[in-house]
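Below, subunit A partners subunit B and then partners subunit C, in two separate complexes.
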Partner chain A sequence: MENLNLIATKYTPSIDLNTNGIFSIVGKSYPENTFEFYEPMMQWLKKYFSNNTPEKTSVNMEIIYFNSSSSKLFFDFFDLLEENREEHNIEINWIYDADNESSEEAGQDFIEDFEDLTINLVTK
Partner chain B sequence: MNNKLIDELEALKKDFTVTTDHFIKSIKRQDKIMARSDQRQQREYDELQRKFDEVANLTKEIEDTQKEVVFTLGAIGESRSKETGNHVKRVAQYSKLFALYYGLPEEEAEKLKQASPMHDIGKIAIPDAILNKPGRLDAEERKIMDTHADLGYEMFKGSTRPLLQCAAIVANEHHEKWDGTGYPNQTKGEDTHIYGRITAIADVFDALGSHRVYKEAWDDERIFKLFKEERAKHFDPTLVDIFFEHLDEFLNIRDSLKDIDYT
Partner chain C sequence: MNIYDIQSLVEEDGIIFLSYGGFLSQTLISGMTEALEAESINNNISLGISNNIFTVFIEISQNMMNYSKDINPDDLNTKSHGLMMVTKDAEKNYYIHSQNVISLDDKLKVEEKIADIKSLDKEGIKKKYRELRRNGRELHDKGAGIGFYEIAKRSDEIDCIFKKINEDRFYLHLKIKIVTQK
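So, the complex of A and B:
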C-alpha cells in the first residue's frame, strides 16, 4: 500500500497519509465539492485499517478555515476512526491557532461527540 | 415454543432502533454543524465588515495624503514664483469645471483638478535671480525660465501613478498654444493633451485677473477681449466657448477664492 499525498490548493488542505501511521491534514478546507475531494482519503483509510497497521496511528489536523460540509466530512472521518479504535491505537491532535475561535470550537465539538477517541487540543 | 415471526419482528425492531438511533445522531450532528456554521458566518461577516471599513479608511487616508502632498507641491511651485496660495486653488477648480463641460468623466475631471496646481512645479528648479527678477527677462533668461515646463515633466514622468502622470502632462504642456506657437514642443491643436489645454486657459484666466507685484489685475472686459482674440490662437476654441457659456460659474469660483490681502 502506498502513501497518499495531496498538495494544498487555495481551497483544499495538504493531505499526507503515511503507511507508518503518521497522518497530517493541514490548511484550509472549503472545496467546491467537499465529499468528492475527500473521497480518495476516505478510501485510503478504509484500506489502511483493513491491512496490518503500525502499532500507533497519529492524526495531526491543522485546519485554519473550513466550510460546513468540511465540518460534516470531519465528523464522518472521526466516525471511521472511532469504528477502528479498538483494534488500533489512534491519537488525534487537533492543532489550532489560539486566535482561531472557530477552530477551537470545532475541536471541542469533536471531543464532545467522540468520547471514545483520544483527541488532544493543541494550541500553536 | 419459539414463534419465528416474533423472532423476526424482534430482529427488525432491533435493526429499526439501530437505524433510527443512527438517524437521530446524524440529524443532531447536522443541527450542530448548522448552528456552528451560522455563528461562524456571523463572526466572519463582522470581521469582513470591520476589514472593509479599515480598508476604506486607509484608502481615504492615502488619497487625502496624496491630495495634500500634491497640493502643497503646487503651492511651493507657486510661492517660488510669487503667486498667491489661492491661485493654485482657483486653477484647480477652473480646470475641473472646464474638464466636466468638455465631457471628461467626473473621476478624470477630479484627477485634473488635483494635478493642475502642479503646472509650475518645475519653477522650483529655476534660479532665484531669474524667477524673482523685477523687470523683463532677456532672451537668455527667458530661455532658462521656459525650461520649467520640461523640468516639471522630468519630475513626474517616471511615475506610474495616474495623478502624477496627469501632473507630468500638465507641467509639460501648459504653455503650449492651440496654433503651435507655445513651448516647449510647439504642439498644435489637439496634439496638445486636453489636460495641457485646460490648464493653459485656467492658468492664464487666473493670472490675468490677479494682482501681482509687477502688474495690476486686468478688468474683466479686457480679459474677455483677449480670450475672444486668442480663441483658436492661444486657446482651444472649444474651451473658450465653454468659458463664455458658463462664465457665471467661473466667476463664482473666483469670488469664493479671492486673495484676501496682497498689499
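So, the complex of A and C:
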C-alpha cells in the first residue's frame, strides 16, 4: 500500500497519510465539492485499517479555517477513526494557534462528540 | 439594488472594502477571502474572530454559487451569480452582505432555518449544529445542510429579507454582523 500525499491549495489542506502510521492534514479547508475532494483520503483510510497497521496511528490536524461541509467531513473522519479504535492505537492532535479560539472550540466539540477517541488539544 | 442603496448602506454601515457583483467561482471566492485575510491582519483582528469573518463569507458565497437561480422561473439551471459586499462601521463591526436570486423551494428552506435560529440562543445554536452534523439529516450532495447554523454560530446578528420577483423567484438579501471589539 502506498502513501497518500496531496499538496495544499488556497482552499484545500495538504494531506499526508503515511503507512508508518503518521498522518497530517494541514491548511484551510473549503473545497467547492468537499465530499468529492476528501473521497481519496477516506478510501485510503478504509484500506489502511483493513491491512496490518503499525502499532500506533498518530493524526496531526491543523486546520486554520473550514466551511460547514468540511466540518461534516471531519466528523465522518473521526467517526471512521472511532470505529477502528479497538484494534488500533489511535491518537489525534488537534493543533491550533493559541489565540484562535474558534479552532479551539471546534476541537473541544470533537472531543465531546467522540468520547472514546484520544483527541489532544495542542497549541502552537 | 441601485447606486442610492449602496450610498445609504455606506452611510449606515461605514466603509466598504470588498464588493463584487457577477458570476462566482471557487477561485474568485478564494481570492476575496485572501483580501479579507489582509484586511484582518491590517486591523489586528484576533485570529478567532477573523476566522469567523472568513467562514461566514465562504458559507454565503458558496451558497450563492450552489443555489442562485435565473430570474426567469422556466430556467431551472443554477446561475452562480450575485452580489457580495463586506463593510465595517465606526465601532469596527463587520457586515457581510449578499444578494442573489433563489427559487421558492429554497426560500422556504432558508426561512425555516432562519426562524429556527432566531428561536435559539447561542448555546442552543451550537447544540443544534452538532446535532445536525452528527445525524446528517440535512446532508445532500452539495453540502452538509448546516451552513446557516455555521453562520449563526460565528456571527452576532443575522438579517434576512426576501423580495418577490415572480411566483417562483425571490431576491435573498442577507446581512450578517460580526462584532470584533468585545
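The definition used in the following text is that the second predicted complex is superposed on the first by the 124 of 124 C-alpha atoms of A that agree within 3 Å, B and C clash if a C-alpha of one lies under 4 Å from a C-alpha of the other, contacts with A are read in each partner's own complex, and residues count from 1 in each chain.
The rule is short, and it goes like this: a contact is a pair of C-beta atoms (placed from the backbone, for glycine too) under 8 Å apart; a residue touches a chain by one contact, two chains touch by 3 or more.
Bear in mind the structure is a predicted one, so any value in this text is a computation, not a measurement.
S.K.: Quick check on the superposition: with subunit A as the shared anchor, is it clash or fit for subunit B versus subunit C?
M.R.: Aligned on subunit A, subunit C clashes with subunit B.
S.K.: By the touch definition at the top of the document, which applies to A:F49: first (subunit B), second (subunit C), both, or neither?
M.R.: neither
S.K.: After lining up the shared chain so the two structures overlap, which partner does A:S102 touch, if you call subunit B first and subunit C second: first, second, both or neither?
M.R.: Touch partners of A:S102: subunit B and subunit C.
S.K.: Is A:F75 in contact with subunit B, with subunit C, with both, or with neither (first, second, both, neither)?
M.R.: A:F75 contacts both subunit B and subunit C.
S.K.: Looking at subunit A, does subunit C or subunit B touch more of its residues?
M.R.: Partner with more touched residues of subunit A: C.
S.K.: Quick one: is A:D113 in contact with subunit B, with subunit C, with both, or with neither? Answer first, second, both or neither.
M.R.: both
S.K.: Looking at A:I64 after the superposition, I want to know if it touches subunit B, subunit C, both of them or none. Which is it: first, second, both, neither?
M.R.: second
S.K.: Thinking of the overlay built on chain A, is A:Y11 touched by subunit B (first), by subunit C (second), by both, or by neither?
M.R.: Only subunit C; A:Y11 stays clear of subunit B.
S.K.: Clash-wise, after the superposition, say which stretch of subunit B runs into subunit C: 3-11, 21-29 or 111-119.
M.R.: Stretch 21-29 of subunit B has C-alpha atoms clashing with subunit C.
S.K.: If I apply the document's touch criterion, which positions on subunit A are contacted by subunit B in one structure and by subunit C in the other?
M.R.: Overlap of subunit B and subunit C footprints on subunit A: residues 67-68, 71-72, 75, 101-102, 109, 113.
S.K.: Taking the touch rule as given, give the residues of subunit C at its contact with subunit A in the complex, in rising order.
M.R.: For this pair, the touching residues of subunit C are 26, 29-30, 33-34, 46-49, 51-52, 54-55, 58-59, 62, 65, 126, 130, 133-134, 136, 139, 141-144, 146-147, 149-150, 154.
S.K.: Spell out the residues on subunit B that touch subunit A in their complex, using ranges where they run on.
M.R.: It is residues 29-30, 32-34, 36-37, 39-40, 43 of subunit B that touch subunit A.
S.K.: Once bound in the complex, which stretches of subunit A touch subunit C?
M.R.: Against subunit C, the touching part of subunit A is residues 10-11, 30-35, 64-69, 71-72, 75, 97, 99-104, 109, 113.
S.K.: Residue numbers of subunit A touching subunit B in their complex, please.
M.R.: So the residues of subunit A in touch with subunit B come to 67-68, 71-72, 75, 101-102, 105-106, 109, 113.
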